[in-house]
Structures are given as structure tokens and as C-alpha cells.
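Once you scroll down, you'll see the structures, which are given as C-alpha cells.
Both of the next two complexes hold subunit A, though its partner changes from subunit B to subunit C.
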Partner chain A sequence: MKCRKCSAKAVINMRQHKLALCKSHYLDWIPEQTQRFIDKYKMFTHDDNILVAVSGGKDSLALWDILVRLGYRTAGLYIGLGIDGGISYSDESQRLAKKFAQSCNLHLISVGFPEEYGSTIPEIAKLTMRGRGKPCSVCGMSRRHIMNRVAREEEFDVLVTGHNLDDEAAVLFGNTINWQGGYLLRQQPVLEANHPGLVKKAKPLCRFYEREMAAYTILRDIEYVYDECPYSVGAKSIYYKELLNKLETDRPGAKLNFYLSFLRAKKEGLFSSSTDQKPMELNTCNNCGQPTSVPGECAFCRMLVSIAD
Partner chain B sequence: MAVRLILRRNEYEIKAGMTLRDALQKIDVQPEAVLATRAGEMITDDEILRDGETIKLIEVISGG
Partner chain C sequence: MKCRKCSAKAVINMRQHKLALCKSHYLDWIPEQTQRFIDKYKMFTHDDNILVAVSGGKDSLALWDILVRLGYRTAGLYIGLGIDGGISYSDESQRLAKKFAQSCNLHLISVGFPEEYGSTIPEIAKLTMRGRGKPCSVCGMSRRHIMNRVAREEEFDVLVTGHNLDDEAAVLFGNTINWQGGYLLRQQPVLEANHPGLVKKAKPLCRFYEREMAAYTILRDIEYVYDECPYSVGAKSIYYKELLNKLETDRPGAKLNFYLSFLRAKKEGLFSSSTDQKPMELNTCNNCGQPTSVPGECAFCRMLVSIAD
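Up next, the complex of A and B:
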């Protein structure tokens, strides 16, 4: 197969776009498209200070690399979760996040959960009822809390995450089969800072397939954590991704169409406030000042109190 | 001789002469879920697999 632009040997074929590209044109195409999405969804501008949530995985490192190539002012945020799982998962993730930052001379902010809160995420999960023994729920909530906190404290204009289209489509699929109206209303490429204490969030990779991000990191020679989080075995999100990939194999473009037609339908009012599913009302946490869905203290602060008892 | 496909700790032997896409189908791996490299270079799934070569498959799905 040949590159559409230069007839050199293609390294990737994106069937949903009917587009095959060589290494050189692919590595140009990804930042060009990212810039298009940043502009289209009004994510941020070159005047903004951007905090990139970096896990050491392919998506977040690719995102940071792309934003740097596009000339944005960025810093990275790594959150150490203290997950070992027999493969030193968190240590390896941190090593690779640091390695990337150092090789590009970029500023990486590191927050260690065990150092800051006295316990690892799996240890905390064992002490709480949240997640029924699996740490994923505690982990997700804690990471969201810390990302927002650091972005506020360090006065970043926007927090960006490496969610790709497969991530978004899997979440959309899960929320659709359960008719989670509130979550469907909130799922979008940009979440505005529409409450005191909340930082604007954006997902610049939300229209790229996961396979394209893996290809980008490999072709850019960026070393990333290949091993999965030990706790992700059997995760629903992975199951949904497999189902969607089966559909994609038979019908190229199905995933992209699922996500884009959802965004279009929402824009056209399918999920308008006239339906009975209204956006979640937000309150301010009495303790940390971050937004919370319930009055009083936020779930994160309540969790810290409960494990201290 | 055959073609060796390696996916994490799993190894598969496939007859040479078929496309990568057909080979993936044969070993029940979704083409959307992997990238393939030959001698370190990424290849597209229309490539014909050659006798004696080793193709490394890289899983691209993550989550949790």
C-alpha cells in the first residue's frame, strides 16, 4: 500500500478515512489534525498555560509531544498511585514520564499519592466501601481531584487529558446502554470551568483512534508503558472497546460515526434541558473548595476522613 | 517454513503467502486492536507475509 501524498510505502492505513500514509506524512498529519480539533472545539489558544495529565502511557505522552510540536506552553502532571501488581507499574510509569520530560526539557510536576496521603491507592481502596474491593473507582475519583487541584494551585488555564476516540466511544457506549442521561449530557471534547473551583478540561485526541496514537508514539520513538494497569483486567471499558472494534472491523468508520453523530445530535438539541435529564447541580466542598455533586464535603475529602478513622 | 506472529507472550505459526489481515483473522485477533512490525518497521495489513519471517504484534487497547 502506498502513501496517498507521496507514493512512498505506507506504514498505516486508516480505513475510516480511506487514508494510507508513510511515516513522514503521518507524523505531519497527526499534529495538523490535532490543531484542527483544538480550534474546532475552542479548546485553548497559544496564550494559555496548559497542564497535560501524563500517565506514562501512549496517549498522554503522544498528546504532550504533539502540543509541544504545535508550540503550546505546557507542563506535565504525573500522579503516582503506588500500584505495583508485581510489575512495578507505577514506578515504571513515572520513569517513562520523567524520561520523556527530561529528553524534551519539559517541566513535569509529580504528585505521589503515598507521600501526600500516607497510603497507596490499592491500600485506600481496601479501607473504603467504594469500588467493592477494586481500586479503579477510588483511583479515578482521586486522580480527577488531584488534577483539578494542581491545575488550580499552579494557575493553569486548561487541563488536557489523552482520551482518544476509543476511550470516548467506550464511555458513550456504556452510558447509552444504561441510558445514563446525566453522563451523556456531560460527555464532550471540552468541559468549561463553569463552577468556582473547576478548571477547564479538554481532550485534544478525542477524534483519533487508539491505534493511531499507538502508531504515533512508535513512529516518534517515544517509550511508553506497554503493560496494562494490573487492575484493568476484566474492565468493562476494555470489553466495550473490543465490541466496538469488532463493529469497526466489519464497518470501517463505525466508531468515529458513533461518537461524531452523538456530538452532532447533542448540538442539535437531542439532549436538551427540556428533557428530564438535567445536568448535575454542583456545590462547593466545605473543606477543599472543589466542586462536588452533594452539599458539604466532596467525595474525596469524605474518603480521606473515613480512612483516617 | 512458516511465518511467526508474536503477540505479548503468545506465538502463532501461520502459512506464508497470506496477507497480514488474513493472518490476524486466522489467529482471531482484531486488526483494529493491534499494530504490526516487520524488522522494527510498521506495516499495513495488505502486506503478504513471507516465509521464515517474524511479525511482532503490538496491542493498542488500554483502559480500566
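Up next, the complex of A and C:
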């Protein structure tokens, strides 16, 4: 198969776009498209200070690389969770995040959860039995808390994450299969800071397939953690991704169409926002000042108190 | 496995309800549940005259049987479409619909499409090239037209169809995967007659799994057309059913939850009805007086004119 732009040998064929590209044109096309999405969804501008949540995986490193190539002012944030895999999953993730930052001469902020809070995420999950002892819910909550805290403390304008189309489509599928109105209303490429303690969030890669990000990272020679988090085995999101992959194989473009038609329907006013289904009102945590759905202390602060007892 | 109610041998285990029942209790349970759905969704009462759309398949015959057992005033409507299968699919369907009506001493209205309109449905599809010559869209439109016409002419209060949960979930899945707002707003167990030319429609079996209806029909010794319509091969609805069956196998109850959580979210006001997405306004066909989305003649009348030319 040949590149649509120059007839050189194509390295990737994107069936949903009927577009095959060579290495050189593909590595141009990805940042061009990203810029288009950033503008379309009004994510941020070249005047903004952007904090990139970096896990050491392909998506977040690709995102950082793309934003740097597009000339944005960025710093990275790595959060060490204390998760062991075959070799230590967290150690390896941190090593690769640091390696990338150093090679590009970029500023990486590191927060070590065990160092700051005295326990690893899996230890806290066992102590509190949140999520029945499985660390995923503690991990998600803690990362959201820390990302928001660092973004505010360091006065970043926007926090960006490397969620790709496969991630977004899987979340959307899970919310749709159970018709969770609140989550459907909240799922967006951009979440505005609708509370003084909340930073604006954006997902510039939300329209790229996971395989496109993998190809980009490999072609850019960026070393990344290939393994999934050891705790993700059996996760619903992975199950939904498999189901959507089946749909995509049978009908190329189905995944993208699912996500984009959702955004379109939402924009055209499919959902009511003046009903029982409207997003929850946010309160301010008495302890840390971050937003919380319940009055008093936020779930993160309550968790820290419970493990200190 | 034993019956939950009497400890006799169970004939069916409904995992989503954690309920196993023997033949006798199952055959009581189905009409009880149907009555519950009829009341819950305000489908009709014992004062209403009910027209049952009967295809000769398991669902429509089961529906008619259940309504008769529940003491409702019913007549059946069979529409002959002129579709050939191994043996003639339409002939066999009609034979079994008639056989059931006679055995229960019920009134069956028969409309033969080829006899009334001069051509079979597949012939019309080829002539008009609607649906690229595949008869499904012509068939759906023609059946809807005739069902509504007969229901109005014979002064029935409500038209009922045998759509089961698998049908409804597949339609919902198709509308969701493409976020077709108009269709999502319209999908209901009951469609009120919101136009003078339109009869009220209801789907009393919409919460029963297809296998539950198959079991009911077999246990009631009702002979039905086992084959699917020969034109349904490769239909999207069948593809979606397979996908939902996979989901159901992995997570019993997923299909029911998908449909019921949709109805619940809708009732709680998830969808906006005052926007671009609102259901289309209906006009009256100049020729037949039935409702039509475009002013002038309805699609059915236009189709008849086009084949008469």
C-alpha cells in the first residue's frame, strides 16, 4: 500500500479515513490533526501553561511529544503509585517518563504517592477496602486529586491527559449500556473549570485510535511502558474495548462514529440539562479546598484520615 | 434445577431474574408479567379493542395467546407479503397464523399484498429500487401502512406487535451506536396516537427475552414459523443481536438492564424534547389520509404510483 500524499511505502492504513500514509507524512499528519482538535474543542492556546499527565505509557508520551512539536508551553506530571508488576510497574513507568523529559529537555514534576502519603496505592486499597480492596478506584481518585492539586499549586491553565478514542469510546459504551445520565452529560473532550478549585481539563488525543498512537510512538522512537497496569486485568473498560474492537473490525469507523455522533447529538441538544440528570453541584473540601460532591471533606481527605487512624 | 415455586423440575432458568420455573408455573408467570407490563406502561384496558399483528412467528402468536388468556378483546391481522423461502415463507406463515386463529376460535383479518396491490413486496423492491432492491425497507413501510390502515378502518383502539426484548435492545443498540436522537426519543413500549390518522401502538412483550418467548410457544404447543425471513440474512439487527448476546452471556441481565435503564433515564428527563432533536411533526397524506412526515402524499402512496406508471 502506498502513501496517499507521496506514493512512498505506507506505514499505516487508517480504514476509517480511507487514508494510508508513509512514515514522514504520518508523523506530520498526527500533530496537524491534534492542532485541529485543540482548536475545534477550544482546548487551549499558545498563551496557556499546560500540564501533561504522564504515565510513561504510549498515549501520554505521544501527547507530550506532539504538544512540544506544536510549540506549546508544557511541563509533565508523573505520579508514582507504588504498583508492582513483573518488574516494578511504577519504577519502570517513572524511568521512561524521566528519560523522555530529559531527552527533550522538558520539566517533569514527580509526585511519589508512597513518599508523600506513607503508603502505596495497593496498600491503601487493602487498608480501606475501597473497591473491595482492588486499587483501581483509590488509584483513580488519588490521581485526579493530585493532578488537580499540582495544576492549581503550580498555576497551570489546563491539565491534559492522553485518553485516546479507544478509551473514550469504552467509557461512553459503559455509560451508555447502563444509561448513566450524569456521566453522559459530563463526557467531553474538554471539561471547563466550573468550580474555583478545579482546573480545566482537555483530551487532545480523543479522536485518535489506540493503534494510531502506538504507531506514532514507535515511529518517533519513544520508549514507553508496553505492559498494562497489572491491576487492569478483567477491568470492564478492557471488556468494552474488546467488544468495540469487534464492531470496528466488522464495520471500520464504527468506534469513531459512535464517539463523534455522540458529541454531535449532544451539541445539537439531545440531552436535557435542566432535569434530574444535570451534573452534580460541587462543594469545597474543608481540608484541602478542592472540589467535592459532598459537603465537608472530600473523599481523598477522608481516605487519608481513615488510614492515619 | 428445581422450580422456585413448587420444587418440581424446572423447564427454564432465567438468570437475569435468578428465577427457575416448572412448566406449569412458567405458563402462569408469563401472562402475569405481561399484565404487569400492560398496566405499568398504560398500554390498554379490557374495554379496548385490540388488533394483534400476527406474522406466524413465535412472538406474535405467543402475544395473541397471552392476551386471549388474559381475557382481552382481540382480533389478529395477517399481512401476506409474497415472500418465497425454501417452501414459500409467506404461505407457511399464513397457514400457521390461520391454524392458531381457528384452533382458538379467533377472528383473523388477512390482507394479501400481491392480491390488493398487484405485486409482491420483493417485486416492488426491485421495481422501485428502494433499499437498493432489497425488500426490507419496502416491507417495513408497507406493513406499517397496512397495519395502521386496518386498525383505523376496523376501529381498533390499539395495535399490538410481538416485539420482544431482543428486538427492542437491538433497535436501541443501533440507534445508540449512531446516536440517532429522533429514534431514541421515539422508542417506547407505547406509542400514543399523536395524529388523528394514527392508531396507538403497544409492545406488551418488550421485556421478555426471545428465548422466553420461544419456550412459552413451545410449552403451549403453538406451531409457529421457525425460519427467519429469507431476506433477513446479514441484517444489521441480527448483527446487533449477536453482539448483545455476547454481552448477555458474559453478564446475565445486561440486555434487560440496557433497555430498562434507557427507559428509566428517559422518564427521568435525560433527553431534551424542546430542541432540534424533537420527533418530527406529522402531516396528513392527500391520498390516503394517513400520517406522513413530508407534506403531500405519503411514501406508501408515492410508491404505489411509481409502480403503476
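Just so we're on the same page, the second predicted complex is superposed on the first by the 305 of 309 C-alpha atoms of A that agree within 3 Å, B and C clash if a C-alpha of one lies under 4 Å from a C-alpha of the other, contacts with A are read in each partner's own complex, and residues count from 1 in each chain.
One rule holds for everything that comes next: a contact is a pair of C-beta atoms (placed from the backbone, for glycine too) under 8 Å apart; a residue touches a chain by one contact, two chains touch by 3 or more.
Nothing here was measured: the structure is a model prediction, and the numbers come from that model.
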Contacts for A:Asn13 in the overlay, against subunit B (first) and subunit C (second): which applies, first, second, both or neither?
first
Touching A:Cys136, do we find subunit B (first), subunit C (second), both, or neither?
first
Now for A:Leu159: first (subunit B), second (subunit C), both, or neither, which partner does it touch?
neither
Applying the document's definition of touch, where does A:Ala151 land relative to subunit B and subunit C: first, second, both, or neither?
neither
Would you sort A:Ala214 into first (subunit B), second (subunit C), both or neither based on which partner it touches?
first
Kindly classify A:Leu96 by the partners it touches after superposition: subunit B alone (first), subunit C alone (second), both, or neither?
neither
First, second, both or neither for A:Met1, with subunit B first and subunit C second:
first
If you count the residues of subunit A that each partner touches, which comes out higher, subunit B or subunit C?
B
By the touch definition at the top of the document, which applies to A:Lys246: first (subunit B), second (subunit C), both, or neither?
both
Return the residues of subunit A at which the contacts from subunit B and from subunit C coincide.
246
How about subunit A: which of its residues touch subunit B in the complex?
1, 10-13, 20, 23, 57-59, 136, 166-167, 170, 209-211, 213-215, 218-219, 226, 228-229, 231-232, 235, 237-238, 241-242, 245-246, 248-249
Residue ranges of subunit B in contact with subunit A within the complex:
30-35, 37, 41-47, 58-64
So in the complex, which bits of subunit C are touching subunit A?
176-181, 184, 239, 243, 246-247, 250, 254, 257-258, 261-262, 264-265, 268-273, 275-277
